[in-house]
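Look for chain A in each of the two complexes below; its partner is chain B in the first and chain C in the second.
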Partner chain A sequence: MMEIIESKHWIEWIITIAKFAFAFVPILFILLLIPMERRGAGFIQDRQGPNRSYIKIPYFGRIRLFGWVQNACDGTKLFFKEMFAPAGVNKWIYMLAPAIPFAIVLISPCVIPWFAPMVFEFGGQVIKIPGMTVDTEVGILLLFGLSSLSAYGAVLAGWASKSKFSLLGGLRTSAMTISYEVCLGLCLMGMLLLAGTFRIDEIIAWQDANVWGIVAQPVAFFCFLIAMIAETGRAPFDVAEGEPELVAGFHTEYGAMQFGLFYMGEYSHIGINSILVACLFLGGYSIPFVSMETVQSNLGISLGVLCGVCAVAVLAFLHLLYRYARWYKTCKASNKEVILREYSLYKILGWCAVVVFAVLGVLSAVFIHPEVQMVNGEAVYGIGVALGTALIQILVLLVKAVFFCWVWIWVRWTLPRFRYDHVMHLGWKILLNIAILNLVVTAIAAKLLGGN
Partner chain B sequence: MLALIYFIILAVIAVGGALCVLFARHPLYGALSLVVSMLSLAGIYGLLGSPFVGVVQVMVYAGAIMMLLTFVIMVLNGARDSRTPRFDKVSLFVFPAVIVLGGLLGVALVSTPFAFDAGTLRGSVALTSATLFDTEASGHGYFILFEAVGLLLLSAMVAAVLMAKRRLGTTDETEGGEN
Partner chain C sequence: MVRQVKQKPMNWVERLYVFEALRGLFTTLKHALRGLLRYETLPTVPYPEMKPEIPRNYRARHRLMLRPDGTPRCVACGMCAAACPAHCIYIEAAETEDPRIEKAPARFDIDHLVCVFCGLCVEACPVDALRMDTCETSYVHPKRDDFVAPMFDLMTWDPKTYPQNDSQSQMAPGGTLNQQALDAWGMKVN
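And now, the complex of A and B:
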């Protein structure tokens, strides 16, 4: 036991254990995605979306936080509802089924690299820490294996509910998972062929050195995106829970937090898939046009730019607020006093944030000058620089992932639903063929151009 | 030491799952126990230094093939399925086979020297691909075998589709393997 503990420096152990916290990133994505989806749907359908619940605080009045309070209320309601099982269900499997997708969501982020491998000097030795929680060479295959398991949740739920609608939903889920996973794997193969590895961090390094995957493999990217959306089982591919046909598909008989687990599992699945697409085709944590060495040697300025970007984002938010406020002042809405009062809080917070970001940015640009040491001909920095770079890279990855989350929502509320046979036709007869063709062409091109 | 503890946990789950497949009354429970058994087998593969084989086990067997199997079980789900007797005439053939196989395995295990180093990589990606496809190192045996198995699976799939089509008279979209 002792030799395992002593094989690593204590700071390495701390960071390695701290990386387990990344397992909760998809769960945090739920907090972002559910309000984003409901208000996004409202935005696309030209309505307000759910934003009526509020917290009452002194002076500023009713604070609605752009619909977050409403979602918190809905979540709390689900949490405290009675767990109810209809008569005749298969108790054990009925209880177990919602936990499967959610448990897998907690495991699957283990192979996603959140930052480039950290190399830093600490206590007289050079320490290397990989960006993913589980540093394995099978990388992305593990992710695919796990995500193929998560369909068992829906299938078992459909079977255990002893309802015809649920059973049909479960059947459709299993059929769709199998058909679209084939396509997903084949689209991925082109990218793996170019990078010559299963490790996601090496795929990102390849994209950093050459071009982003979306440029190198545009056809695979679109097939991959379609298959991904189909695999999460969302509209326009939500035949498994199509409301007009199957009531609610496999979770017809579920209520309270059991339904909530399915719901959360779906949204975290979207989060993981967005991160995956960002890693495979959008360069993951790599910053376009800026190499990691540049970031590290000018860490102060890089952090300053990061703070500047945050400040500009807050300014854009303030601009929106001021426009809304001006519109409310002229309109005849009966509650405009309340809303303007609420907005004044956001304005104060926004301006404070702008000032804080600006001060932080200037301070870091002026005062942070990393000291470089040369070890074996490589520039090695201290732990502060390594953590700062990791922070920038995590933020870059998350921004790319959130963009794809928006694509998911956008597609869902724009396109009409496919019929079941159309989905199967698309999967087996169109997407699969395109993916195979793409793979063959990529292989020939890579061979001719002298790749591995 | 740590590897041994993991191995014992996984082995108990794997053997328990396999026994449940034998004794389960409902086919779906059998399929589920098989999935559990396969997952812990994948864990054992990883413990033996072959993470690639383990992950392929999860992806192909637990993910795809067992999913197809549950699909079939659910389609053929009848009321009598839940009253399938635990032992019937087929068991007369199954049990001697299981006992003989167990005996053979036991003899093989006892007769081989039990030296095991958990640190070595036996089935890494590079090693597996070199064994399968590097014609200079391992001759062309595995390469041709691999292609032949691929062709065999393809022809089996085509035959299955044709048979299903002839019987139903319509196209069956759910047909097709993980190939």
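And now, the complex of A and C:
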């Protein structure tokens, strides 16, 4: 035991343990996705979306946070409701089922690389830390195995609920998962063939060195996205919980936080899948046209640019805020004083943030000059540079993932639900064939062009 | 006669679904961006704080028009009650002390829970005593009985925003603008 502990430097242990915190990133995605979904749906349908819930701050007034408080309201309501099981259910399975998708969500991000492998010099040693929590050769296969396990939650829920609707929903979920996992795997194979590895960080390194997956494998990307949406069981593929036919599908008999767990499991599944698509086809944490070496050798300027981007984002937010405020000043709403007061708070915070970002950006661009050491002909920097690069890379990855989260919501509120046989037809007779064809063409092209 | 509607068959691009789906996505994206960037142009309003504009000719809650002396114009003929498809108007006629007036309502109730707001009562009224131009579309009461508006409620409508230069109408209630009526009745008001 001691040998294992002593085989690594203590800083390596600390970072390795700290990486477990990434397990909670999909949970954070729930916080992002629920308001994004509800207000995004509202805007798509020319509504306002839920924006009424507020927090009362003493001596100031009410703040609504543009509808983000709704999360807390939903959560609190679900949490304090009675957990009710109908008569005749299989108690153990009924109670266990909602926990399965949610537990898997905590485990499955373990093979996603959040940053390129950190190589830095610390205490006279060169330390190398991989970007994923679990550094394994199996890589993406583990992720797929785990995420298809979450279908067990739906199947068991459907079975244990002792309701025909639930059972049908569970059946449909299992059928969909099986059908679309096949397409998913085959679409992925083209990418794996090009990169020649199962490890996601090496796939990203390949994309960084050559082209992004979306350029190299556009057909696979498209099929992969469709199969992913189908696998999460969202519209237009949400036949498993099709309201007109099955009430609510497998979670018909669930309420309170048990339903909440299904709900959160679904959303964080979307989060994980978005990160995965971003990793496989959009270059993951790699920044377009800028190599990691450039970022590391000019870390001060890179952080300065990052701060600049943040400042511009805050300025855009302020612009929207001033627009809304100008409209509220002229409108006849009886609560406009309250809202304008809230907006004035945001304006103060926003301008402070702009100033802070600008100052930080200039300071880092001027004062951060990383010291470089040459070890075995490779440039190695200190731990500060490694952490700074990792920060930039995590943010880049999250931005790409959030874009795909929006794609999920966008598709859901645009396309009508497919009929069940259409879904199966699409999965087995169209997507599967395209995926196989894509794989064959990729294999031939890779062989002819002298790839892996 | 049966009218046959010919639908254009989809061409092969449309039958592929993918391109049409992308077009749909573009449409929804436009709407989403409108909500985000041009929030103030959303057609919905935050309701209790902001009321939608209701046009003057919208069939809203009823009101009884008044004579210059403040009595209701209604002559209790019962035509509105006869015309009402929902049978929500209840009228009790009574004699008046004024020799020029044959009948006047002693009770005039409209049950707004039963009313279908069709406006037939307004059409039926021979003396233009009943109108539905109050623009009050939502009213809340704690009890069901309170929704039955008695004559007093129908007469006491405060026309806060009624247009002054509306030639079609007298100012209601009180009717200070209807000079013709004042002349005919030979009265001074206020």
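Please note the rule applied: the second predicted complex is superposed on the first by the 449 of 452 C-alpha atoms of A that agree within 3 Å, B and C clash if a C-alpha of one lies under 4 Å from a C-alpha of the other, contacts with A are read in each partner's own complex, and residues count from 1 in each chain.
The definition used in the following text is that contacts are C-beta pairs under 8 Å (C-beta built on N, C-alpha and C of every residue); 3 or more make two chains touch, one makes a residue touch a chain.
Given the structure is predicted, the values throughout are model-derived calculations rather than measurements.
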Fit-or-clash call for chain B and chain C when the two complexes are aligned on chain A: fit
Touched partner set for A:I100, first chain B, second chain C, both or neither: neither
Which of chain B and chain C A:N335 touches, first, second, both or neither: second
First, second, both or neither for A:V25, with chain B first and chain C second: neither
Superposed arrangement, angle subtended at the Cα centre of chain A by chain B and chain C, nearest 10 degrees: 120
Chain A residues touched by each partner, larger count belonging to chain B or chain C: B
Partner chain(s) touched by A:R47 [first = chain B, second = chain C, both, neither]: second
Partner chain in contact with A:M424 - chain B first, chain C second, else both or neither: first
Partner chain(s) touched by A:A365 [first = chain B, second = chain C, both, neither]: neither
Partner chain(s) touched by A:V411 [first = chain B, second = chain C, both, neither]: second
Minimal inter-chain CA distance - chain C and chain B, angstrom: 21
Of all residues in chain C, those that touch chain A in their complex: 21, 24-25, 27-29, 31-37, 39-40, 42-44, 46, 48-51
Residues of chain B that touch chain A when the two form their complex: 1-2, 28, 32, 35, 51-52, 54-56, 58-59, 62-64, 67-68, 70-71, 74-75, 77, 124-125, 173-174, 176, 178
Chain C contact footprint on chain A (complex, rising order): 39-40, 42-49, 51, 320, 323-324, 327, 331-336, 410-411, 413-415
Chain A residues touching chain B - in the complex, by the definition given at the top: 1, 4, 93, 136-138, 141-142, 144-146, 148-149, 151-152, 155-156, 158-159, 167, 170-171, 174-175, 177-179, 181-182, 197-198, 421, 424-425, 428
